[in-house]
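Presented sequentially are two complexes of chain A, the first with chain B as partner and the second with chain C.
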Partner chain A sequence: METIDHYAYASRMRGINPQLKAAVAMGTLILCIGADRFWVSVTVLLTMSAVILWGGGLTFLKYINLLKIPLGFLILGTVAIVIEISSRPFGYVLFHGFGHYVWVSKEGGVTALKLVLKAIGALSAMYMLVLSTPASEIIGVLKDLRVPKLIIELMHMIYRFIFVMTDTQRLMKQAAVSRLGYQDFKTSCRTFGSSAGNLFVVSLKRAGTYYDAMTARCYDGELLFLSEEKGVRPWQVMAALSYFLILILIYILVP
Partner chain B sequence: MEDVLLKAEGIRYSYGQEKEALKGIDLTVQRGEKVAVLGSNGAGKSTLFLTLNGVLTPDGGKIAYKGKEIGRKNIQELRKNVGIVFQDADNQIIASTVFSEVSFGPMNLRLPKEEVKKRVHSALAAMNLTGMEERPPHYLSGGEKKRVSIADIIAMEPEMILFDEPTASLDPVNVVMLKEVLDELSDLGKTLLISTHDVDFAFQWAERALVFSGGRLIADGPIREVFDSPAVLEEANLRKPVILEVFESLVRHGVLQKDAICPRHAKELEAMLAAVSGK
Partner chain C sequence: MSKKEKSIMKLATAFALAFGIVPSAFAMHIMEGYLPVKYCIAWGAICVPFLAAGFFSIKKTLRENRKAMTILAMSGAFVFVISSLKIPSVTGSCSHMTGTGLGAILFGPSAVGILGIIVLIFQAILLAHGGLTTLGANTFSMAIAGPFVSFGIYKLCRGLKVNKLVSVFLAAMLGDLFTYCVTSIQLALAYPSEVGGVGASAIKFLGVFAPTQLPLAIIEGILTAVIVMTLETYALPELKSIGFSKEVG
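After this line comes the complex of A and B, so read on.
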């Protein structure tokens, strides 16, 4: 199964210090949303996509596929802003009936385009982070930001369990399919229900054995891991700073 | 020279109100021993391992480590020195990269970071996992996961390691790898207890065997003697190792001398037969 997690592990930018990547992503995100300028958004979208594609080595097709889902939501959301209804025609009329006109104004269109670009720009900055940094490293960054320990430990466990659970679910589903458990809609519903219930019981049992295994390794209430530090190179910091500078210059110089 | 590492006396344990899983186990383990723990499913092997490591507190009986009795206060001492490699690696691996997974044990021992790093790297090297430090466990193969779960324990540098059915989910190549690891650990002076259903594997590797049945220890002795007792084999639902049966056939038909020592594996048998026919 190909997931964002998978892409992150395969990324060529994995070796870069996660704190730096998170800082660049957050900085870009704030600049992009804060500036709210057409050309800043376009620059962010193009540069971040370029970094993802050439820096990280993700293929164009996979990247577009990842953008598709949020783009769908965005378009649905902006339709509400762009389209207006009134009893007299304005702007570009799409259709009319029952004495009302459904129309699009030029200003509305521009606003919508700017909004979509801003959102996609911000999204590409976030994708730059998540497509190059595995979840465990992002959790590490949050830990450095002094997010409460309990939340950090839960994030670690949940992340690990997602994979354990999906694997269990996959095996259970295969076993059910082989016994005709999913042959039509009715049986599918029934099988899904009982396998979900079973998954819960399995989870509880697993939690027990996990706890035993952790206790066996001297766990006493605090999850401790050591992760290897990834160094920051001066040129990387310089690149990040000059990138921010360029964005700010665009904001100031281009209207 | 006797060097008693672990001594258990009259260990009893029951899950809830139901029947006892362990009904009074007496056990002494010497330093450097290679022990196979045999018995059918539900005979109490896993429960015994969990009590020997201190995860489960026995309802009755005493456990002493190096002559010191283990109570509530020094239970960490027991967990530190006795490691368990669990049967299913997926139930043991908790971290999201191999490196942090193996660091979990040493970090819990509150060792300095440099020491943890050193131990993790040497454990990974011993398990042939160098270069996989940053891999997430869910993208590893079954054999690799098993190796990670063993590296977990090696990094804690316990004196005694308990393996709960390590051969159960491994393919033949990985079983060979496991044997090499076990030999290396023995050479390092570690005391090893392995529970298994694979009698051929046990016969090849172990010096001593413990046989469990219904929560009792029904046999404890040199592995050869244990397999010579038909009553024990029947009660524990065990079969004889193939090599032992072949050896006995050969003795019965006069190919080998009666007082010969049974070979442990096919190569030893071959050498023996070569020596006989050479005469």
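After this line comes the complex of A and C, so read on.
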């Protein structure tokens, strides 16, 4: 499974302190959504994309493919917001029938454009964080935010188990496909269901084995993970603060 | 608007509708940045009591049986993997399960809240489904509202002596549909319609997402029933270890 994590491990910005990256991403997200201004969204989108592409060294094509992931939701959701249905039209009529009109208001298009840009801008800010910070480091940031230890341990373990199970699932799927298990819809449903059930059984057995392994290594209800120390340079903090300042200035000065 | 402009708009709408349905139909995770700040905070706050209840219930389970830790973690990973798999579909578009109904039936609604929010965080940071600011809203619809309905329906059907597989099917399907309704209402509250208010807007969202979500709910119901059937045939002892046994029989 090709996840965003792979790109994060390969990113050139991996050496930067994860807390700083998380703070920049969250600050930018809040400014971008809170401001809800066209030019703020555009600035966020352009700067964050530039950071991802040049700072992180991700190729343009891969980045575009990542931006396309929520496209289905974005298009459907925005269509639902823009299109109005009523018995009397108030804007540009697209269709009418059954005594009702489907229409778009004059402001609808502008609202939609602003919303789409805001969402993509916010998405790029989130990508800046997740494309440069492996999940284990993000969990480390959550730990610093005083998320309960139980949740942090669960997250660390789930993160590891996801890859173990994905691999098992891949092998099972390969075996099923080679035996015509996904030949038609009915067979596919049956194969999918039984292989998912089997996956669960296998993983529960594994869970037992992992517990034994942990107990053998003196697990007494607390898991400790080593996290790399990554220092913050003064110029990085300055850059982050001035970036926020620029966004705020755009919000105030540009209508 | 001239006649030409009108026809362009019509074409654009048709294109948007056709194009919107073809890409992978995910279980309606609200994307990053789509909700205004106050709604992000409000939905997050609404989740807190449910998550606290789940946290204490997990803590209690762990006090009694420490081995449950790895089982819980495996279950979380299982829900993640199941929801990241392409499921068989009739139309050829690629869609995914939510796995929430299954989780609710297997682990109970309170534990699923905590597992659900963790799975949603990983879906956001590993697969870019959903987002960080919309985490609260997504958690409420997918990890709290859906599972609670699934669990309630499952219990109700079992109480009424409905066939077990039928109960599982109904629970998973209706839980999925409920998640879809809750998400539509969440979107409608944030973006009320100019003429009809929140109600009209909710109907628009329900209508737009229906072509992807209705078949998905039915398929999710079928698959969940098949999974539970497999588990009952091959893994009754394991099911007992996670507390499913109370409902078996």
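Assorted remarks:
In this section, the second predicted complex is superposed on the first by the 228 of 255 C-alpha atoms of A that agree within 3 Å, B and C clash if a C-alpha of one lies under 4 Å from a C-alpha of the other, contacts with A are read in each partner's own complex, and residues count from 1 in each chain.
Just so we're on the same page, contacts are C-beta pairs under 8 Å (C-beta built on N, C-alpha and C of every residue); 3 or more make two chains touch, one makes a residue touch a chain.
All of these numbers come straight from a predicted model, not from anything done at the bench.
Once chain A of one complex is fitted onto chain A of the other, the partner contacts of A:His100 are absent, as it touches neither chain B nor chain C.
By the touch criterion defined above, A:Tyr210 reaches both chain B and chain C.
More residues of chain A lie in touch with C than with the remaining chain of the pair chain B and chain C. In the superposition on chain A, A:Arg170 makes contact with neither chain B nor chain C. Contacts of A:Tyr159 after superposition: both chain B and chain C are touched.
Touch criterion met: A:Ser136 reaches chain B, while chain C stays clear of it.
Contacts of A:Leu226 after superposition: chain B is touched, whereas chain C is not reached. Using the contact criterion defined above for the overlaid structures, shared-chain residue A:Ile33 touches chain C, although it does not reach chain B.
Chain A residues in contact with chain B (one complex) as well as with chain C (other complex) are 5, 135, 157, 159, 164, 206, 210, 214. On chain A, the positions that touch chain B within their shared complex are 5-6, 9, 14, 134-136, 139, 156-157, 159-160, 163-164, 167, 206, 209-210, 212-220, 223-228. Against chain A, in their complex, chain B makes its touches with residues 50, 53-55, 76, 79-80, 83-84, 86, 88, 90-97, 99-101, 103-109, 113, 116-117, 120, 133-139, 152-153, 156.
Per the touch definition, chain A reaches chain C in the complex via residues 1, 3-5, 25-26, 29-30, 32-34, 36, 66, 68-77, 79-81, 83-86, 90, 92, 94-95, 104-105, 108, 115, 118-123, 125-127, 129-130, 135, 138, 148, 150-151, 153-155, 157-159, 161-162, 164-166, 169, 182, 185, 188-190, 192-194, 196-201, 203-208, 210-211, 214, 221.
Against chain A, the residues of chain C that register as touching in their complex are 1, 6, 9-10, 13, 16-17, 19-26, 28-37, 40, 55, 58-59, 62, 66-67, 69-74, 76-78, 80-82, 84-85, 87-90, 114-115, 118-119, 121-122, 124-129, 131-133, 187, 191, 193-196, 200-201, 203-205, 207-209, 212, 219, 222-231, 234-235, 238, 241-242.
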